[in-house]
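Quick heads-up: structures coming right below.
The following pair of complexes shares a single chain, subunit A, combined with subunit B in the former and subunit C in the latter.
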Partner chain A sequence: MNKVKITVLLSLLVIAFLLDVALGSVHIPVKEVISVLFTADSVNESWIYIIEKIRLPKAITAIVVGCGLSVSGLQMQTLFRNPLAGPSVLGITAGASLGVALVMFSVGSLTSLYTIRELGLSGSWLVIIASSLGAAIIMLLVVSISSSLKDNVIVLIVGVMIGNITLSLISIWQYFSAPELIKDYLMWTFGSLGGVTGNQLLILTIVISVGLVISFLSSKMLDALLLGDNYARSMGLTVKRARLIIVISTSILAGGITAFCGPIGFIGIAVPHLSRALFNTSSHRILIPACCLLGTVLMLSCDIIAQLPGSQTVLPINVITALVGSPVVIWIIAGPRKLRGF
Partner chain B sequence: MMRKINYPLLTGMYTCLLAFLLLSSSCRQATNHKQHHSAKTGSAEIKYAKGFAIDYYDGYKLVSVYSGFGPTADTAQYVLLAKGAKAPEGFPKSQLISIPVKRLVAMSSTHVAQADFAGVSDDIIGLGSFKYISSAVVRKNIAAGKVRDVGVDGTMNDEMLISMKPGLVIVMGNPDAKYSKYETLTRAGVPVMLNSEWLETSPLGRAEWVKVMAALTNTEDVVDQKFDAIEKEYHRLAEIGRHAKDKPTLISGMPFKGVWNVPDGDSYMAEFYKDAGTNYKWRNVKGKGSLALNFETVAPEALKADYWLNVGYVDSKKDIRATDVRYADFKPFKTGKIFNYNKRVNDLGSNDYWESGSVSPHLILADLIRILHPELLPQHQLFYYKQLN
Partner chain C sequence: MEQAILNTHAVHIGYHAGKHVAGPLNLALFPGELICVLGPNGCGKSTLLRTVAGLQHPLSGEVILAGQDMVQLKPRDLAKQISLVLTDDIRSGNLDVYTVIALGRYPWSGWLGILSEADKAAIDHAVQVTGTAGFLHRKIDSLSDGECQKVMLARAMAQDTPLIILDEPTAHLDLPSRIQLMRLLHKLAKETRKAILISTHELDLALQVAGQIWLMDSAGQLAAGLPEELVLNGAFEQAFGKDGISFDIVTETTRNIRISYNIK
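On to the complex of A and B.
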């Protein structure tokens, strides 16, 4: 049965991927899309550019982001045994935002920018590194606090609170910043799959792969945690160490994605629920690949919608994921089947 | 335990309140109907700007600033009076400003440019931010501690502003803002004037706002003369630009996170491009000044454009490549025809293009023609623009 589901999901993935590459503001005939994809040739040179340099990197980013966010959401829901947990509960996303705010709001003071330039960093890399550092610092903070805590619920509360502190720091800074700098930052918080190309895409893919491998290797621990800390302990699991590994891999996934694409919401909360409902299991050996598949399909579909094919504008990806994700969450909490999976 | 309510007292209070409300509203209506007595003696000639009007009456001037369009349209009126003169009747909602205005507070660097233009920038005592100021006079006064930072528009330090006793605070008029932000100031007797120069759709319209500054500071003679000269020069250049034989294509701005904001047909930038003799793709698109397009819509144009202008914060081709390697495929990147308006950025990072440029459209146009048609203005030295290396 699972094989059928996986086959269906895989074919959906291929269809969504092709649609995402084929549809966009600029109309490109299907024949030409295929010709560019397989022979890197086309009658119109700008079509090659659009497909190879804009649409393909964006679609690949969507896949990486879909996998990473869904799996990190799944891990958080399992670790905290809380259906509303997601990649952002540990404050990692907020930490990444703080890093970005630091760079963007200080652009006005040329001196700081100059020093950073001397280090050989500029442009988009600067933002990526700043937000990775922000995410890493918050992660270390959460890990060090949580290592002395026994109760996972308290870890959850600490994570949320640290996130709140970080966000209010950003708000204060925003309050005193010039409108055009705030606008840049605001644009970043809308999230985007479009800005990741070339080497950045390569690095993002590597980072997320590392995170995914760690979480797949820890699927046994996750299964045990699902039964409660005491039961996990009785199975010979060191809960604190398991928690540490899970927190680190979630941080790598969520922090990496936020650094490259900005905060993208709801996928991380909604997809794990969808996967549990669809595969009717709580085994992470199945749920992790299922989350990757479903997350990818959902992310690609959101991107297709966000591009509003045929129009010349684009909607922020975060708006679309929330529009799609929120009804899913409502359906889970209030729907007929009252899905738990815990 | 509940306290007994004194009903007769409460009723009495309500009656008083109602009576007061009725009385005050009827009073307001009465004043609204009253006509002002003095005779109109003339109006300032406004040829390009759509956002304001200046009328002259016997004993005072009336400045009307229009904000918003359609159902949200609103007019703010300001009565400009000589010091000590009696306020005219018939303007119950208007603010009174005593002229010539001394002790100016300006929220935007374009206001500083207007004051510079009228030769009154020495009167500036407060600014929205020191970061964006290029004017030599104002910079000197800042260094001497004569100018204070009063906070960004919308979140100004009201207490400090009131204690500074400014003659006028000039703010960036948000078309939909109904003053609430500034009520603390106006109630304390500090006049606040909206300046929506940035909403104008033509370069000369933007510059024409200097006439408001002239009315405020009684410098009409000088300002009108200077503006007429600029207007003439602008038209002379536009004549040259529009009749250029070849019309190069161009892209402008820098995409951010997949969104590329380009000026539309209703922006003053598009008018610059038209007058400079170009074939600008979005020149006929109606809009609100700027179109938020996605990257792939602009990319085909960028791949074959002749020029790339106004690239923003970046200062070299290396910076552009660092922003996004894909931009290196654009034709202007390969041919090196990328120009930015950052020649006059001072060591503090303020860009004079946004300041004096707002009242010097002729210089910007000359720069653009020099860039796009070097043979037409061989003598001109670029003033605001420079080529990226």
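On to the complex of A and C.
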């Protein structure tokens, strides 16, 4: 049964990937897309450029972002034992944003994707590290406050408030910045899969792969945490160490993606629930790959919609993830299946 | 005489900052024994259980488990000796019963948690002896309190430890489920030769099924012994007499102890 589901998801992934590369403001026939992808050859020179330099990197970014955000959301839901936990909800992406903002500030420049890119290779690493550290610090803060709280809703509120504090710190800094810098920052907060190319894409892919591997190796620890800290401890888990490892991999995933693509919402909350519903399991050994598959398909689909195929306009990716993700969250809380579990 | 599974040597229990709860305690747990910890609310039953379970360190003294000082044991080795059934609520999860029971194999399974044939056999055995086969594929949040408690017991059985500790396992159960669970614990201790330590408020049930009773009072005194012994030496009267409960040794009941309540 699972094999059928995986086969269907893999086919959807291939279709979504091809469509994502084929569709856009410039129409390129699917046949030509496949030709460019496999033989790097086409009847139209500019099509090769568009696909290799713009659309292919963007599709790969969508895959990386889909995997990373979904798995970081899954880990947070288990760690906080909270079905509504996710990187954008509990202030983790806000922490990452603060990290990015601080780097820009100390470099004496502005927080925009364009500047990050101008920093070159060492700059990319710097931004990723700052962003992951920012995410980790906020997450540790939320973890330490929430460990003494039993109520899920209160944990959620604490996370949201810490996120607000972080965002206001960024706002204070923005307030003293020039208007064009603020505009750049706002564009960044809309989220974007585009423009991550070459070495940056390589760095992003490496960082997210490392995060995913750590996460997969933690699947047994995550399973134990499903019953809560006390049971996990009684089964031989060193809870503090496990928490730290999970915080680290979650921060790498959410931080890395936020650094290059901006704070992208809803994927992190929605995909883990869809994966649990589809594969009907709580085992992280299955859920982590499932989140990667579903997250990728969803992210590619969001990107296809964002391009408004046939038109010259491209919508910000956050608009689409919110439109797709919010109904899923409502379905989690109020839907007939009551998927409030984690 | 059989080797004890666990001994405490002059153990004082309590919390840091000078909150001494009870001690010195010299206790022993033997295979096949069902031990009930009784005592009024707030007397330190949970503290005692947590200390014996290794969840908190004793203030002084040693807890010897499998011939070793418990403090020295690695978490994984401790988990192979003691399994727990706690009062923590786990039912907000999307978990199914089989997954929960299978988690009991945690200290035994490989690094990814993949179950071996031996693990599966241990799970099947745990399911069989606890009578949980009927709801193996249901979600945990669809179970009644009694069923849920059986599942958590099955999880502890799957962990395959010589000692199982249950913290107030009958707390939220209705009377038939309470009796059923106590009978099950009694049977498991006898048949599997595990030591089972429970804390409970079920005075009458405990007196009927327990092989040994640890009776605590609010002053931190602990009396350990057979139920009959504790009735005869007046320990029960001392702990509960002021609440209008009296204890007599009689001959017509199986356990030879009659409890009467002075309700008016």
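Criterion: the second predicted complex is superposed on the first by the 270 of 342 C-alpha atoms of A that agree within 3 Å, B and C clash if a C-alpha of one lies under 4 Å from a C-alpha of the other, contacts with A are read in each partner's own complex, and residues count from 1 in each chain.
The criterion applied here is as follows: a contact is a pair of C-beta atoms (placed from the backbone, for glycine too) under 8 Å apart; a residue touches a chain by one contact, two chains touch by 3 or more.
Bear in mind that the values here come from a model prediction, so they are computed numbers and not experimental data.
Should A:Leu149 be classified as contacting the first partner (subunit B), the second (subunit C), both, or neither?
Neither partner.
Would you sort A:Ser219 into first (subunit B), second (subunit C), both or neither based on which partner it touches?
Touch status of A:Ser219: second partner only.
For the overlaid complexes, name the partner, subunit B or subunit C, with more touching residues on subunit A.
Touched residues of subunit A are more numerous for B.
Just to be sure I read the superposition right, which of the two partners does A:Tyr231 touch: subunit B = first, subunit C = second, or both, or neither?
The answer is second: A:Tyr231 touches subunit C but not subunit B.
Just checking: does A:Thr313 make contact with subunit B only, subunit C only, both, or neither of them? Give me first, second, both or neither.
A:Thr313: touches subunit B, not subunit C.
For A:Arg276, select first, second, both or neither according to whether it touches subunit B, subunit C, the two together, or no partner.
In the superposition, A:Arg276 contacts subunit C only.
Can you give me the overlap between the subunit B contact set and the subunit C contact set on subunit A?
No residue of subunit A touches both subunit B and subunit C.
In the complex formed with subunit A, which residues of subunit B make contact?
Those residues of subunit B that touch subunit A are 129, 131, 152, 155, 256-259, 291-297, 299-300, 303-304, 313-314, 318-319, 321-326, 329, 347-349.
Considering only the defined contacts, which subunit C positions touch subunit A in the complex?
Contacts found on subunit C: 53, 55, 74-80, 82-84, 86, 88, 90, 92-96, 99-100, 103-104, 106-107, 109, 111-114, 139, 141, 159.
In their complex, what parts of subunit A are in touch with subunit B?
On the subunit A side, the touching residues are 24-26, 45-46, 49-50, 53-55, 58, 107-110, 122-125, 175-176, 178-179, 184, 187-188, 190, 192-195, 197-199, 262, 307, 312-314.
Please give the residue numbers of subunit A that touch subunit C in the complex, ascending.
Against subunit C, the touching part of subunit A is residues 81, 152, 217, 219-220, 223-224, 226-228, 230-231, 233-238, 276, 281-283, 285, 339-342.
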